[in-house]
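Sharing a structure, written as structure tokens. Questions coming.
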Amino acid sequence: MIELEEGILSKVITTRPSLSHKGDYGRILLIGGSENYGGAIIMATEGAINAGAGLITVATHSVNLSALHSRDPEAMFIDWRDKNLAKSIQKMDVIVCGPGLGTSDFAKIVLKTLAANISSDQVVVLDANTLDLISQDLSLLPQAKLIFTPHQMEWQRLSQIKIPFQSDTANLVALKNLPNSTDKILVLKSNHTHIYDQSGKIYVNSTGNPGMATGGTGDTLAGIIGGFVAQFGYSMDTVAAAVYLHSLAADEIYRTNYIVRPTAISQKLPQLMKKYSNIK
Amino acid sequence: MIELEEGILSKVITTRPSLSHKGDYGRILLIGGSENYGGAIIMATEGAINAGAGLITVATHSVNLSALHSRDPEAMFIDWRDKNLAKSIQKMDVIVCGPGLGTSDFAKIVLKTLAANISSDQVVVLDANTLDLISQDLSLLPQAKLIFTPHQMEWQRLSQIKIPFQSDTANLVALKNLPNSTDKILVLKSNHTHIYDQSGKIYVNSTGNPGMATGGTGDTLAGIIGGFVAQFGYSMDTVAAAVYLHSLAADEIYRTNYIVRPTAISQKLPQLMKKYSNIK
Amino acid sequence: MIELEEGILSKVITTRPSLSHKGDYGRILLIGGSENYGGAIIMATEGAINAGAGLITVATHSVNLSALHSRDPEAMFIDWRDKNLAKSIQKMDVIVCGPGLGTSDFAKIVLKTLAANISSDQVVVLDANTLDLISQDLSLLPQAKLIFTPHQMEWQRLSQIKIPFQSDTANLVALKNLPNSTDKILVLKSNHTHIYDQSGKIYVNSTGNPGMATGGTGDTLAGIIGGFVAQFGYSMDTVAAAVYLHSLAADEIYRTNYIVRPTAISQKLPQLMKKYSNIK
Amino acid sequence: MIELEEGILSKVITTRPSLSHKGDYGRILLIGGSENYGGAIIMATEGAINAGAGLITVATHSVNLSALHSRDPEAMFIDWRDKNLAKSIQKMDVIVCGPGLGTSDFAKIVLKTLAANISSDQVVVLDANTLDLISQDLSLLPQAKLIFTPHQMEWQRLSQIKIPFQSDTANLVALKNLPNSTDKILVLKSNHTHIYDQSGKIYVNSTGNPGMATGGTGDTLAGIIGGFVAQFGYSMDTVAAAVYLHSLAADEIYRTNYIVRPTAISQKLPQLMKKYSNIK
């Protein structure tokens, strides 16, 4: 078990080559945001934008279009009922599915569409309600490079391991046993988030603070992970750097604020990433 | 009668334990915002978010969804005509009802839904039009731990005490006589807001300024009170600290601004709360 | 002819008495914002809010609701097709009519509703398209205390005086001849805006800059005038102070910016007003 | 081939004469923003506003109205399905067509409307999907003073020159051969953007950075070019100054940020333009 330190940021956040274009930094699709939870997908989107993803599309309920573009004109939009969603999924490098998705029958259809259109060289970040829906029906698990981002109760449902028994050993076994044949990384969110891969590597995150205990913190993290993988590739280190940066930004805010609004975390990212890209 | 001082803030605003999660800081539902007064519920929501409530849901007219999420993606949304409103009410720790509610027939239905689904261990902040509607029909009074936030004219309607006769003694009697069997706190808003509980304790707020004399100041206060109770529990001190903080933030703004926009008050909260959480 | 100087601000912008409430700072209704020009009424509203009006309502096309509340939750809303518009007009201290109103048949109906529901002790600021429509049909002129805010071409249409002949003498005569029996103030906008009343008093504004030559500057001014009259009363000095402050704020912005976004002017107002309220 | 330097800014960005009004700084229409790409036309609009265009109208899908006005009340709106679009086109000095336009059948109708209503003394900036649609049907090319802003793949489609063969000589020939009889300027976007006119003049831009490799950078540039031409007239120097300023603003942001959000570029413009307008 390795405790995450600042060094993970300078390792992962490379200086961009001057000859590059937006395609080099990944195409990312964020899926989520029902009629009731539109803010969640917006917060995830702000994580992805500010983390530096190249091209960002958001598939969400049409009621969320105005608020999304009011805040983030950088994101493209697709109505999640649009039949072109399937085609859109196929073109992406990374898909973040879950923030504000809800657990309606339609949410299941979205997951089926994802599972049916994904290929094994794509990355999927599975967050929030997605994890609950997959717990109920494992056939919804996409055959892709996966990143799971459950909190402990969501992990209990998915892994069948009750929270007090979520030891590293048990978590690693459960991760390996999930019925997909591709790579898997688990980000188990708690006050000391643990990150696991199938090789048995474990990172633990020691940053973070109780000002983050507010709705939207997890949605923002899912977006940041997606943005990092889109740019820096799918790996334990990439995911670990995203987790560490998310908490580091929150710690900076918490120094002078009693609560940490998730949207403030995202705003901090470009400056922090610049700082660590310069330290080699 | 005790004059409120800074000390109330450091007493109430505790340092958050590092092992905590959003559920620990309360589930709050804000109900209000008709087609004409959507801004009011948004301002109340910003009070609650910035005061640190853990999980925030807003029940409002569907026309207000876009503006709400444009400003505050941290809030979840429920159409106040949605039949799930009843279930939603049952799950909450605190409900703030009134900002921009209006006095339509539908507003009465909302109040009936609230009264029918509340239980005595929940807290309800009764603000603005809610007070007028209850004045007309006392059966709408929820059986819960109550916080009333009338200005003097609203209190006149509810208590039947004309403004010139709103003495502390009269107010205390009227508060006790309101026909609910649970705890009651009265925040009687004026240039020197008084706070009463049934035990006869009285706080008076000496902060505040005439730059606050603009629409939305009261809505913001209702949200802050809700956010404080969600985190720090239902008590005279909690409510008093919210009232004091609201004015203190406004006084800071007023030092360099002729008017105090209510939304600016909310933005000041996280920094002020940090300051006072550090003074013990 | 008196050239406006800083002194007009400290004269008009009084220190607010500590015992005061929002009703003391006026009820203002802003009417405008068709499907095509919604931004104009939003900019006028931001002028009025930041100038310190007590209670602000906006009557506009329903498509503008979301953007209005996204920016300015402090404003209340009424659909300008709502039959309650007439009642709303009757309750106001000040009405600003025109920003983004357009010249459709419906715009004429709005003006008729205004003329039919106004009384002689209310103030009406007539801006933008309102002036064109009144030029075509003088029966639309409200019988109220009036403030006209035309630019030179709009004044030509209303006064029948061609721009090269718009001398002070001619303007004063034309102002007096307008067929309403109540008080009238004319703000004739140009690079050196002139302000006239029926007594023959003339102010000229020497501040302002070419960075203000962008759409929305006039809408913002109309809102500021409305906000000033709502607080400080209907008088030449009040109007002159609003005109002067608008340009002064723009000059501060222009010192470091090539263009002056009208919304930036409004944001400057609370600090400038504070400064001048302290100079006595 | 001339490498662009700072001097182009002080040359083009003139001090505004104090006797001027918004009409002097151009009427600009931006056309784009389908249901899926509304953010693109908003970003282009913010480029045009902040670059100082006098009067700005946006023709876009009606779903984009709320987000547009939430961010930019300075812009006027026209539903791009409105039959008045044709008349609106005729009144403009500059039209920017393309950001977020899409390639639907309706997008082609928009282009036909543009081609049918334009005259040879107007300027049209052809951006993004517009270039693809014209590649497929050269009759859609407007007979006006043109500015093309393709990236290399879009230029390949339009010019039939494959990317590796896009030499200055080849590009100049292809530009001249495009079947319109009016002036043409080509802005060929790459890491070192080249600008060509029919006289054979070539500018190359050496500023810019890889933080700009994100969706929306090009949309913003199209808006800035439009805003510059509206104010400073159609010329190679005007276009070159817009290209240079866009990158210069981005370079300033990149110094402290890992990524450059396009909306941040626009916000930088007024201050940079002020600086260079003062250097003569």
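Some points to look at:
A, B, C and D are the chain letters, set down in written order, and residue numbers restart from 1 in every chain.
The criterion applied here is as follows: a residue touches a chain if its C-beta (ideal position, glycine included) is under 8 Å from a C-beta of that chain, and two chains touch if they have at least 3 such contacts.
The chain list, named the UniProt way, goes like this: A, B, C, D = ADP-dependent (S)-NAD(P)H-hydrate dehydratase.
Bear in mind that the values here come from a model prediction, so they are computed numbers and not experimental data.
Note on connectivity: the fewest chain-to-chain touch steps from chain B to chain C number 1.
With every chain reduced to the mean of its CA atoms, the largest distance from chain C is reached by A. When the CA atoms of chain A are superposed on chain B, the rotation angle comes to 90 degrees (nearest 5). Interface note: chain A and chain D, two copies of one sequence, contact each other through mostly non-matching residue numbers (shared numbers fall below half of all numbers used). For the pair chain C and chain D, the distance between mean C-alpha positions equals 35 Å.
Between chain B and chain D, the centres computed from C-alpha atoms are 49 Å apart. Each of residues 66-67, 70 in chain D touches at least two other chains.
Those residues of chain B lying in contact with chain A across their complex are 13, 16-22, 24-25, 49-50, 52-56, 65-70, 72-79, 269-271, 273-274, 277. Contacts from chain C toward chain D in the complex involve residues 35-40, 42-43, 46, 63-64, 66-67, 70-71, 151, 191, 209-211, 213-217, 254, 256-259, 261-263.
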